[in-house]
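Below are two complexes that have chain A in common, paired first with chain B and then with chain C.
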Partner chain A sequence: MFKMHLYKGGIYRHDEFIEAIEDLGGIVMQKTPMQTEVDIVFAIPEYDMDYLKKIIKKLKGELIDIPFGDMEIAIVAPSLSRHHLPHPVCDMSEFLRRYGSTTNIVGLARGYGKTIFQISDKEKRIVSEHDAAIFSFGMFEECILLKEKELKGLTLPYVLCGGPGKIENVSNYVGNLGRKSGRMRGPEEIKTLEEVKNLLLEMVDDVREEIGKDPLIFPPVYVKRAIEQQWDLSGSLGDNPVVLHLDGLRIKKPFDEYHERISKTKVGEYELGKISTLKKSNMNDTIILTLKTKSEVGEGP
Partner chain B sequence: MEVEVRGGTREENESLRKLTEEIFKDSGLAKKQSKVLIVVDIGIPAFYVGIKFKKDVEPIKVGDIASIREQSGKTKLQINEERYYDQVIEKLGTFYGKENVEQSERNIIYINSTDENVRDIVIYDLTEEIRERTIDVLWSILPEGFKVRHFKHFEDGFILVSTDIPQIREFYNVIEDIQKEFGGSWDV
Partner chain C sequence: MKLYVDSLPIETQKSLISEITGIVPDLDRPVVIERKVSRSKLMKNIYNIKTTKGTFTIETFSNRFQEFFQDHLEDLMGMEVQWTDKNTVNFGFVNTQFEATRKQFDYDKYTVLFGLSGFDKDLGILTISKRGHISRNGIEKSAFGKVTKGRHILEKIQTGDKILEVGLEEVKSEFYDYSVITSDDTVNDGDNIITKAVVELYEDCPFATEHFLFLIRNGLMRIDERNNSYCRNDEMKGISLPREKSNLRDKGSISVRNTGKGKGSVFIYLIDAIEDESHSVVGRIINGLELPMNISPGQCFSISSKTKRLNTLGISQKEAEEIAKSMGIEHERTGDTNDDAIVVIQNPEISIEAQKAGKISTEGVDPKFVFKIRLYEDKAPVSVKYFKTISGMATRQLGRLDVLIAHKDLDMILFKGDPKMAGELPPENPPIEGTKKGRIGITNMASRQMGTIGVRFSDSEEYGPTGEDFYHTNCVGEFLNHDKLRDIEEGSTIYLLLE
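Then we have the complex of A and B:
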């Protein structure tokens, strides 16, 4: 399985590093030169890392793991008001982006209050489009427990955050993340954010393991590269027109105009439409592509 | 400023107390309150807030910012605080009529009559401004969905109940308890 990493090093001889990645069957996702430095985000099968580490040592570069590099994570706030934004919701979002994640902040229409709280079906579908979610639910245990019941239908891994340090019988809960009036930058607060990251990582590892049992027909990074090479996606929303998911991609292009084109993309010996399902996103007019597994296509695990 | 939170667990009270203190400090209002009491009843759910302003938060009167003396049947005011020039002229104009108020120099005003009560005219009611700003700050402290709100004001503070259900008798009982604790004259 491909894993995402970030290389930080000097611009001098960095092309040697890029060549090594390509020789090993890896994929360079993004290259950002900054004067004499360069940041390279790349994906590579885990078993080839030892060889690559030797090259990195030779070039005196730095290798950083970005475990959420192939994920899109939803950070769900009860609303988009000053009560919940920018702290702690944006702090969490910013923290996860350091580990490579693409994050979307989702504000519920009526996620606040106790008796009036609700999460609509559409909101659940929007959140489910992501690979994982983090819910930020205020500072009172009783309210958090009520809100937690409403999330039972969700199948994606999610972490609940709130004010109380611990809540009994809620295993996916991280405390000390209630309402904040300032940025979370103290050592204790960073530790709490680390806790969220580690819990999410644990849950996502289970999902990866599950995917590994019946692997996807192609790794999403490989499909991403094929799409970007075959179609001009410039002028898309944001600077990253194709966002990686654990089981596919989000392509930030209008569904009606592009889905036929995208489904004709050649990936290996297949046409993409035959090895994936494409649907319109519930969040905005983008394309959600879910890759089929090897067994679904008929190649067997 | 003393902030006290009751009703939740020790941890919940402490985090709400910290949040309240921080928001008041950020808004610059922390030095204007002597006590902030928040009573949480998460079962109903309802939040009761009692605010008591500090004693120095009092209305500014003409006598506080000007030297006043009589001069040949007129009253001469020498205003010592530049930021209140506009308000003084406006207020005096309202009280004595614009034709009876004359500004001879930048900081000197004559009134065409003698009136001992001129020094008691309120130029700027800081209490009202503090009251308004405090209420505004409270909206970012109290939970967002709690939009059913009921106030009881008194001279140097107020009590507020905020909830997301229709009002019930219980609210008034708690308000009365807080009132007893705070003291003060009511419905100003």
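Then we have the complex of A and C:
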């Protein structure tokens, strides 16, 4: 499976590094030269990381993992009002972005209050379009447990956050993340954010393993490149018109106008429409593309 | 004794590799022996369930429900889908001894479990969860597996579909042992001696294909670098190629890099890799991939292509005609059409295009314009590479040099070079003991005239073949019959052949 990394090094001989990625079957996602330095974001299969590390050592560069680079994560706040936002939801969002994630903050319409908490079906569908989610739920254990019950039916990996340090029998919970009146800058607070990241990473690794058992017909990064090369997506919503998901992509273009042409994209010897399903997103009229597995297309065992 | 040579079965009483195959393996050119360790291995907890709509795979974990599943495999075969809904597919019925309960439980998507229809022990059902749901399935926590492959089948299954077969998944790969043999060893019964790789070429990338065919013209390919993804040959690294069609680099694919510092390198892929426009995919190994997969860098292996190279440069018109005839291709002579005239231009020169057209024309010149040379590959590798690239000998057997300066009163002849390319030509193999006549010299990067190629007609203690002092001169080879060079005029072209 492809994993995302960041290379930081000198501009001198960085072309050798790019050639090595191309030779190993990887994809250069982004190259940012800055005077004598260069940052290269790339995706590569894991078979030859040791070989690549030797090249990086030779070029005196640095390799940084971007574990969430191919994911879109939803950070769900009970509401968009000032006592729920911006802290700590924005801190979590900002922290995960450092590890490559594309994060979307979702504010629930009626997500406040212990007994009146609601998450609508549409909101669940919006959250389910993501690869993982983080729910930020209040300061009290009883309140969090009541709200957690409403999340039944969500099948994506999610982490619950709240004020109490620990809650019995809730394995996907991280505490000390209740209401905050300021930025989470202290060492203890950063440690808490690290905890959220690690827990999420553990859950996502299980999803990756599951996908690996019945692999996708093509890696999403490859399909993303094919779409970007074959169609002009400029003027899209957001800076990044094609967002990576673990099992597909989000294409930030109106569904009705674009889904037919996107489905005609040539990927390898296939037409994209035949190896994926495209559906209208519940969020901002974008396109959600889910790639079929090798067994579904008839290539696998 | 029954053996296989390149996967073809043979019966023999001989036991030495050289007696069986006619090849004596050595350290430089080994063979690989494929030895069966085990034909297959049954995965104990993975089952394939074949239904009338297709096959899906479940991975089970150990508990009493898995034991029940294993004990009742035969009962499960032939079971029909009793009902389906948006959350589940339910096959029934089977007699069970499970305790009935009316409690409800939470099940993840793709979970495999047992349930009781109507809370009746005799109406046991095998339920596959299509999505996460809460249900009263009749048995407490009865999940024992998860669907891992073919999940899309669950959406297709309707009431009335049947389970046709339930079987343990059998994995039939990687149960062979490969040994690299570097001496004339004995073989065992059932061994497969892999002596060569056979290549099937595509027609999408004619230039890259010609490049590859030239590399394997002697039937050998060396591995210079290897990792888990590919084996690479760098003999022709640095040679420019046009960008041609790129394809997916599946396992066994052969590609030629067409851009960057590594252009001209040839890759054999050992895993499936995605396409990249910097790689022109020329073909794939259809037999004998085990050779490049197992040998070490520095070793060679035999390789042959189904598509033959058709290049008549450097041979006589008569020989060219015979080769074309043997390949069933029409031949036309142009230029000097005598039998002994040497072919210097073939049109079309690309093998694939020539074979597609079914016709070639060969332009001949008088043999007096063709000179045999010897190159000092060991003493001046960088300069020889430059010389081969300038003369075109890097990609064909016949080289050509355009005369820059020649005069009867001048004791030497100079040929055109490429100053830009010579900018990276370091001092190498200088003629310290004086210049001998017939030696080929190149002016290196230390001089402003870098890249110029020259030959002297008499020995000199003072200057190199290009008229520079020795420090600025790299000696790359020698003409074997340089006497006729004196007759060559300025502006003309000479042709070169390696001895």
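Going forward, the second predicted complex is superposed on the first by the 300 of 301 C-alpha atoms of A that agree within 3 Å, B and C clash if a C-alpha of one lies under 4 Å from a C-alpha of the other, contacts with A are read in each partner's own complex, and residues count from 1 in each chain.
Operating definition for what follows: contacts are C-beta pairs under 8 Å (C-beta built on N, C-alpha and C of every residue); 3 or more make two chains touch, one makes a residue touch a chain.
Small disclaimer: the values here were computed from a predicted structure and weren't measured.
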First, second, both or neither for A:293, with chain B first and chain C second: second
First (chain B), second (chain C), both or neither touched by A:48: second
First, second, both or neither for A:270, with chain B first and chain C second: neither
Chain B versus chain C as contact partner of A:213, first or second or both or neither: second
Contacts of A:231 with chain B and chain C, given as first, second, both or neither: neither
First, second, both or neither for A:222, with chain B first and chain C second: second
Common ground on chain A, meaning residues reached by chain C in one complex and by chain B in the other: none
Sites on chain B touched by chain A in the complex: 8-9, 11-12, 15-16, 19, 22-23, 26, 40, 42-43, 45, 140, 143-146, 164-165
Contacting residues of chain A [partner chain B, same complex]: 78-79, 81-84, 110, 112-117, 138-143, 163-165, 178-182
In the complex with chain A, residue positions of chain C that touch it: 57, 59, 106, 108-109, 131-134, 148-152, 227-230, 232, 247-249, 257, 260-262, 267, 269, 271-276, 278-279
Chain C-facing residues of chain A, complex: 15-16, 18-19, 22-25, 27, 45, 47-48, 51, 152-155, 210, 213-214, 218-219, 222, 268-269, 292-293, 295-296, 300-301
